[in-house]
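Below: a set of structures, written as structure tokens.
Below are two complexes that have subunit A in common, paired first with subunit B and then with subunit C.
Entry: the complex of A and B
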């Protein structure tokens, strides 16, 4: 029972950290209607940016703050020089563009800043939190709390006047233009906010595993989270993350040593396939979403 | 921007390595080594330092006058760990006259094994590629030249045998779920039945950034010793998770891919006691590294950040070129210039007890054994540096040899 509980709780916390990666994806989709396949590379880039600041001796909190500013600016630049040309274009073109950004960042950033794993010390001790015979990963507890805070802040943001405008832009670019909303500004802002979410995810995952290109591979579980939770739902990110994390922990925990291989990626793939077949708009997604 | 230099081709680099000097004859006889490696994808954790060590060693030889005036040229290109790009880079380098290739990528090396055998040029596969290529009769132009993963596992097992014994022990191998991660398992299983210890494998998903479920299970298994078999960022995650789950650092034994970057990630104090397989000495004390420091680095001719000199992967890169240059020296002595693939192959097979002044275990390569003996040693992180805790040596090679022969037989049968 203790083993099951440990897998369950660590899986839930890991899932919340996946949610943090997925949050950037949903924020952009919810605001701009753009499926952003570059979110994994944005998380990796954000981790590199924070690492640069810490390598100059800045405390982590200041590095994160400056990283958030830098990534917000990067998000705005991506929108201004790349995405703006795509307004009104078929969604497949936008998907391909974000895929191109993903590949570019994944090659360029480690190429310039060094590909060997970089240390990112978040000051989180290695000793686990022990409850009975259950060991909880302290880094995942911190990650889970940060994820909950950021997800909560995002939920509140979309209840503000600005958030409402961004949802309107996502619904219909032409109608938004017609009523005087700035589509460009809304989309730019969503990319900027996704950049900030990437700083949260990049810092926490970078502290767990070091900073290198493999952070971009977090896109895969993040995609499973948004498909399961609903591609336009922030609450869905929370539930999707918890389910993906728990299933990705409990199932391999019982099966791996018997089948001789890691089943976590199989579980994640099955989540994606079954959700699309059974409930294509996800648990909390809107049914009228146009998919490609 | 080192990557940019590498991807822009080799012309400038080649001139720099050759020192822009030498007679016309010497330039005609220039020995070209193609270092076509993965600077931008999977092997990025090692390639930068490894390749820098290779280039610096060739520069050293050129600065010291080459091999009786015969200079070396390094052709450096990025393959991105993609066989298609590797094949393209191979063909270009072949046209430019390269006679030795190092891809430092298992997928690219495997894709080109048949081609190098057909073209009769040398492929070195130190610490990567297929272990069964140690069978020189089946793979005449492929040279693993250092301990295969099978030999690394047996050296680590021998260390445990020498320090408390294997019998009755519970050993966990925690590995990335890939052919590389699974590679040592058959050898360890055979060893387990021979030495009466219990072995259990615990796979984790690639790339290894999340291993908590795996280590929860390992903790409940209560192993006496743990082998970690991964690479890159996954290795520091493994060490962290092991320690977090109460496994003593000194019972952690790693494959060769655990280095200074992992120590920095985990924390130098936390890591104290962790052991690893070592193929080459680490640090700057060896005569060979001292020569590089004096004649290459201090002279401003190094290929990268001088802080990398003496690190684990830098030194492994140096060792690969030390063996290759030794092969070229023997080949020139026996067959004269200009060198070609068959002459260089013969040079490799003449190498006997070569240890580069104590920098690496004595390597002896024969027509049938291209592994070079399969020796190494165990090193331990003492809080400040990796220090050896045993002598150079090979272990249980009869078991390793069985794996090599079985793999080579499958290759011959087209499996």
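Entry: the complex of A and C
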């Protein structure tokens, strides 16, 4: 029972950290309708950026702050110079473009800064937290709490004036244009905010597993999260993240010893496939995707 | 003499609908085919084995994928998994004593069945969701291959391909393997060129352009999408088997990883969606350009022209790769096939500026 609880809680906390990666994806999909396959690479880049600042001896909070500024700028640049030129192109072109950005970043950033894993000390400490019989990873607890806070903050953000504008744009580009909202600016802003979300995810995951290119592989669980939760829903990110995290921790915890390991990817794949077959718009998503 | 359309007046529909209506094009195709046939005599075995043959096989793979992505408009991010199924099926069939010809067929059929099953699951949705479903298929197939020792021969294992004979000829030395690969690629090319002229191909194009409009004029989208998945997976499966037997001569799961799927999509996009010429150009470009550029930069680095670290060198192919995809999407979304087409059209009327019509 303690084993199950341990898997459950650690899985839930990991899941919250997946949600943080997925948050950037949803922000961009919501406003621009672009499935951003480069979100994993953005998370990796953000982790490298934070690592650079800390390696100059800056305290972590300052490094994260500067990293957020840098990634906000990177998000804006990517949108302005790459994605905006693809407006009106078929979705395959846009998907491939974000995939190209993903590959480019995955080559460029570790190529310049070194491929060997780099430690990112978030000052969390390594000893596990013990509650009763349950061992919890301290980094996961911090990660889960920060993820909750950031997702809550983005929910609140959508209640502000700027957030309302962005919701309007995500609802209908043409109508927003007609009432004088700048669609380009809102979409650019969503890329910037996705960059900031990437800093959160990159710092936490970098602290957990070190900074190297494997951070970009977080894209896959993040995609399962958004598909399960609904690709345009922030609340869905939270629930989807919890489910993907828990299933991805409990199932391998019991099955790995029988089938020879790494069932986590299988669970993630099955979540994606089953969601698409049963309820393609996800738990909270809007029911407007086309079916043939 | 230079005006290549001179004297071409079609009087019958058959002549007008020929694959290459202009004699100059026919001569060009014939000359290229002759060159490909004579290649073992013309180039050294190094170039034949490590450039020409992989180019041919990857072209067949790119054309198979282009049938699905270019003609039917369905995205597929797990095509390497389809090829893996073909490769492993053929190896196991041959090991079980099935003749190689039948094993190739079996590889295609198995890949077609599994590919269609995943296609059917994914076909209720499109766009982003199709990408994700095929991505999930890639991960599942990879996992099954790695974790079922009966298939892979154990994790991290390499399964050597056995000795085979094709139509009584031993497929052993480089030349015979090259001819087998070339034969398969030419077959796929002919199929690809002709499928566009059949009702099947036109139905696929109708679905690609607007699926409910196609449904209105009586083309059942679900059925034709499934058929597209099936045909494409069949060709991909056989290509995987040819790749395993002719080029790698051993199968490991890493040969068909997710990165290979991306490479295939890049070949189709860089070459030009739904174009046979594009398949050849895209496969060649994606295979050779990173090698050439990396070698160039390595030479420059060795001669002290530029300072470049070992670590950077290792990541250069990835960088070229991403830059290539982004560059083509931004500046020439129709790919190398469009560039070729523009050049061809220019020389078609050269030295004049405009053509007749």
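Quick note on the criterion: the second predicted complex is superposed on the first by the 288 of 292 C-alpha atoms of A that agree within 3 Å, B and C clash if a C-alpha of one lies under 4 Å from a C-alpha of the other, contacts with A are read in each partner's own complex, and residues count from 1 in each chain.
The criterion applied here is as follows: a contact is a pair of C-beta atoms (placed from the backbone, for glycine too) under 8 Å apart; a residue touches a chain by one contact, two chains touch by 3 or more.
Bear in mind that the values here come from a model prediction, so they are computed numbers and not experimental data.
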Touching partner for A:10 - first (subunit B), second (subunit C), both, neither: first
Partner chain(s) touched by A:256 [first = subunit B, second = subunit C, both, neither]: first
Which superposed partner A:202 touches (first subunit B, second subunit C, both, neither): neither
Touched partner set for A:135, first subunit B, second subunit C, both or neither: first
A:229 touches, of subunit B and subunit C: first, second, both or neither? neither
Which of subunit B and subunit C A:107 touches, first, second, both or neither: both
First (subunit B), second (subunit C), both or neither touched by A:163: neither
Touching partner for A:280 - first (subunit B), second (subunit C), both, neither: second
Partner chain in contact with A:265 - subunit B first, subunit C second, else both or neither: both
Shared contact residues on subunit A - subunit B and subunit C: 107, 110-112, 114-115, 260-262, 265
Subunit C residues within the subunit A interface of the complex: 69, 73, 75, 121-129, 131-133, 135-137, 139-140, 143, 146-147, 155, 211-212, 215, 221-222, 225, 262, 265-266, 269, 311-312, 314-326, 329-330, 333
Interfacial residue positions of subunit A with respect to subunit C in the complex: 35, 82, 85-86, 89, 91-93, 95-97, 99-108, 110-112, 114-115, 220, 223, 227, 231, 259-263, 265-266, 268-270, 272-273, 276-277, 280, 289-292
Complex interface listing, subunit A residues touching subunit B: 3, 6-7, 10-11, 14, 107, 110-112, 114-119, 121, 126-128, 135, 137, 140, 205, 208-210, 212-215, 217-218, 248-250, 252-253, 256-257, 260-262, 264-265
Footprint of subunit A on subunit B - complex, ascending: 1, 3-4, 39-41, 44-49, 80, 177, 200-210, 212-214, 216-217, 219-220, 232-234, 236-237, 240, 243-246, 261-262, 264-265, 267, 270
